[in-house]
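So, here's a batch of structures to check.
In the two complexes below, chain A is the common chain; its partner is chain B in one and chain C in the other.
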Partner chain A sequence: MRKYWFVFSIYWQEGLSQRASFFMERFRALVVLVSFYYFWSALLKDRTSFAGYNYSQMITYVLGMNILRGLVFASRTYEIAGEINHGRLSGYLLKPVNFCLYTFFRDLSEKSINLVSAIIEVSGLALLFHLKIQWPHQATSWLLFLLAITGATVLYFFLSFIVGCWGFWTAESGGPRFLLELILEFTAGAFFPLDVLPRAFQDILKLFPSPYLVFFPLHVFLEKLNTAQIINGFLMEGFWILALGGLAWLVWDKGVSAYGAEGS
Partner chain B sequence: MAARPDEGSCYNKRMPIIEVSHLTKTFRVPQKTPGLTGALKGLFSRHYKEVQAVRDIAFSIAEGELVGFLGPNGAGKTTTLKMLSGLLHPTSGDARVLGYIPWKRERAFQKQFTMVMGQRTQLWWDLPAWDSFLLNKEIYEIPEAQFQETVKELADLLEIQDLLEVPVKKLSLGQRMKAELACSLLHRPKVLLLDEPTIGLDVLMQQKVREFVLAYNKRWKATVLLTSHNMDDVAELCPRVILINHGQLLFDGTLDQFRQKFEGKMLTEAMRAAFTATH
Partner chain C sequence: MRYMRIWGRLATMSFAIQTGHPLSSFGYLLGKLVRLSFFLLFLAAIFKHTSALAGYSLEEAALFFLTFNIVDILAQLFFRGIYGIRGLIREGDFDYFLIQPLNVLYRVSFNTVDFLDVLTILPVFMITFYILKRMPGGLAWKPLLWYTLLMVNGLLIAFAIHIVVASLAVLTQELENTIWIYRDLMTLGRFPSDIYDSPMRALLTFVIPVAVMVSFPAKAYLGRLTGAWIGQAVVMAGVSLALSLKFWQFATRRYTSVSS
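Let's turn to the complex of A and B:
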């Protein structure tokens, strides 16, 4: 595993060497955070609650959502299709390295940079506006939250890796990725809590992997779920990790056999 | 000028390191009618054409041999090299490199060979070459002492000691190629597949790269298969040449045999004659 931790480290170095891109990206994240804060503050100004959330819970959701966007959705798997189409994948295939693990650690590097930055931004905003955050009352909630976000990170990686692998069969994987990201962020609860949606729609969504990326972990954090709902949530998250992990392996295996190494 | 290795005809008596038999690769290439109408038609129905890049070729290369793999553009050289490195699965036929089936991409195999593509770099653009070296050290699991020794040896041979801490994007093409070569050889591979290693380099730098390849070949008894459009590379480095055109093997023998066959013509002219004969 040492080699993969080195991959993690070298991408950190690269990330920090590209300062302009880094600060632009963080500025974008900050704009999103402040916009969401003002939107939900305005909505809850004359109410005690909205969709089952009091002000403190909603602010915690918005801030947590921003941190999880930095952790779960930060990824460099969008590079995979280009690496395939332009033959840069060859550089990895020639070496004794597992590409899936390599890209996972590359993602971890990206995620950790974004996570640290998001925590600093969110803390700054919370201090600046004296925001009241609703922390979990029980230690087990923290543990379950950590477990849920670990699962969410792996789940998103597999989803995103599969879409990247489309590059083996088409040069046009940009469209599907854009669509996936848009649908995922919407249905993951990365724009608003899914509770605001109609009940039937929520029930259908829970059968898909997306709610386990942001909505479920934040509900665990806010202690809004009973034991049965927590167990059910983890079972669904586990099922999707296994299913998408298996599919990622299958797609990669088929894709590499079809790889034309063009451009290299 | 680099000293030519002994022109031996005994290459087939030594242990074969690369063995190729009946190797064939066919690509399915999408066809598109030119213009906007063609693009619109292509949205709904796409036609494919089968292109045979490599047709039933066979050869064997022994340990320590330096072989020039020649042919015009589109002859099938790089496709063959890609199959031998495990990047491509063949349509049919068989190949063994160091006893391994390349496209199975076993770790033990990957640790013993390298492929250098003159138009590709594995070096990190924004970071010094040293960081890419460290990454390869971890990837190939090279022990620290061996790594330090190899880096020193390669850096001395290639005269790049002062360049290792400079970001790669600040290096000239020639300096980058030398750093690329060093990075590819840190794990002391037994087999070198070199695809146009001197492309784009000036005459002086080409000479240095050739001298280095020869020195590495002698130092480690490495087997080298080299493609190049630069006939000086072949004339100075390779006692044996394999000629390929339209995916088919045209000639496999020593450089002298090749020259005799074409009545003592210069290498470039002899090549031209060989390829013209196959049209």
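Let's turn to the complex of A and C:
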């Protein structure tokens, strides 16, 4: 495992060296955060609650949303398709590394940089606007939240890894990836809590993996779920991790068999 | 007429490039339409729980969101070439444009025409028309005229911002990310500017005029914009356009070629 931590370290340094891109990415996240902060503040201005959220819960959701976007959705798996299409994958295949683990640790470096930055931004905004965050009352909620976000991180990695592997069969994976990322972000609750949507829509969404990326962990944090809902949520999250992990392995295996090392 | 013909030729070339990648283009197009649909669904869902957002009804809030989309998409459609100016400079194509018998700013701005935006804006226009018809007074022609004029005014401000970005790129051969800062700030206009507090509203009106570009046309249609504000918006567009053109001349005069 030591070599993968070196991968983590190298990409961490590389991530911080590309300062312009890094600040641009964070600026983008900050604009989303500010616009949704004002949006929900305006909606909750003259009322005590909205769709089951009081002001403090909604603000906590918006701030948490920004942090989880930084952690869960930060990824470098978009590079996989290019590496396949330009034949650079051959270099990895010749090295004594597991490519899936390599890309996971490369992703972890990106995620950790974004996580630290998102926490600083959210803390700054909370101090600037004197925002009251609703912290979990019980220690177990913290543990369950950590477990839920770990699962969400792994789940998103498998999803994006599968999309990256499309590069084995097409050089045009950019558009489909853009589409999938948009759908995932909206249906994950990364723009707004999914409870504002009609009940039937929520029930359908919960059958898919996306709500377990942001919405479920934040509901655990806000202690809005009972024991049965928490168990059900973790079972679904676990099922999707296993299913998509298996699918990722299958896609990778089939892809490598089809790989022709063109362009290398 | 000659400029129209050149635009047609550049658009045809862009179309050929995009159709050369059908799967990718289809993904991007569908993504843009999905984003639009999700935001409209979000607005409709919000209004299941409330009757007003900062004093605006569902149709009125939707009008702000659709106006943001129209201005944003049209700006991308017409000024898309600016996004690639750094590449043009780096590859030496910009030098080639300078010696062509054509306005270089025109050539750079229309170097790329994104046809996906043409396909995206059609449903946006249709939904906007539907929303306008659903307004309490129905589709009113005089407010519609003000709405259209202020949107054109917003596009002129957007053009001025694009010119400044292009000028910075010519001067520094960097800052290609600057245009994305503008795009991100534009998203603050997705909702009515009234949701923001006074300092933020002032910032979005006088410093980064997102509100003037996006909120003003919708407010004018709803009869919530005074003549003084309309006058100010027109002056802002005129001044920003004049200053940006001056800056463009300043930048191109100092350009000493990079790679050709």
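Quick note on the criterion: the second predicted complex is superposed on the first by the 264 of 264 C-alpha atoms of A that agree within 3 Å, B and C clash if a C-alpha of one lies under 4 Å from a C-alpha of the other, contacts with A are read in each partner's own complex, and residues count from 1 in each chain.
The criterion applied here is as follows: contacts are C-beta pairs under 8 Å (C-beta built on N, C-alpha and C of every residue); 3 or more make two chains touch, one makes a residue touch a chain.
Keep in mind it's a predicted model, so treat the numbers as computed, not measured.
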Touching A:154 in the superposition: chain B (first), chain C (second), both, neither? neither
Determine, under the contact definition given at the top, whether A:100 touches first (chain B), second (chain C), both, or neither. neither
Of the partners chain B and chain C, which touch A:192 in the superposed model: first, second, both, neither? second
Which chain, chain B or chain C, is in touch with more residues of chain A? C
One more residue to check, A:225. First (chain B), second (chain C), both or neither? neither
So, A:119: does it touch chain B (first), chain C (second), both, or neither? neither
Name the contact category of A:247: first (chain B only), second (chain C only), both, or neither. neither
What does chain A use to touch chain C in their complex? 20-21, 24, 27-28, 31-32, 34-35, 38-39, 41-43, 47, 50-51, 170, 172-179, 182-183, 186, 191-192, 196-198
Quick one: which bits of chain C touch chain A in the complex? Just the residue numbers, please. 21-31, 34-35, 38, 41-42, 45-46, 48-50, 53-54, 177, 180-181, 184-185, 187-188, 190-191, 194-197, 200
What part of chain A is in contact with chain B in the complex they form? 2-3, 6-7, 10, 13-14, 17-18, 87-88, 90-91, 93-97, 257, 259-261, 264
Sites on chain B touched by chain A in the complex: 27, 82, 85-89, 105, 107, 110-111, 114-115, 117, 120, 122, 124, 126-127, 131, 134-136, 138-141
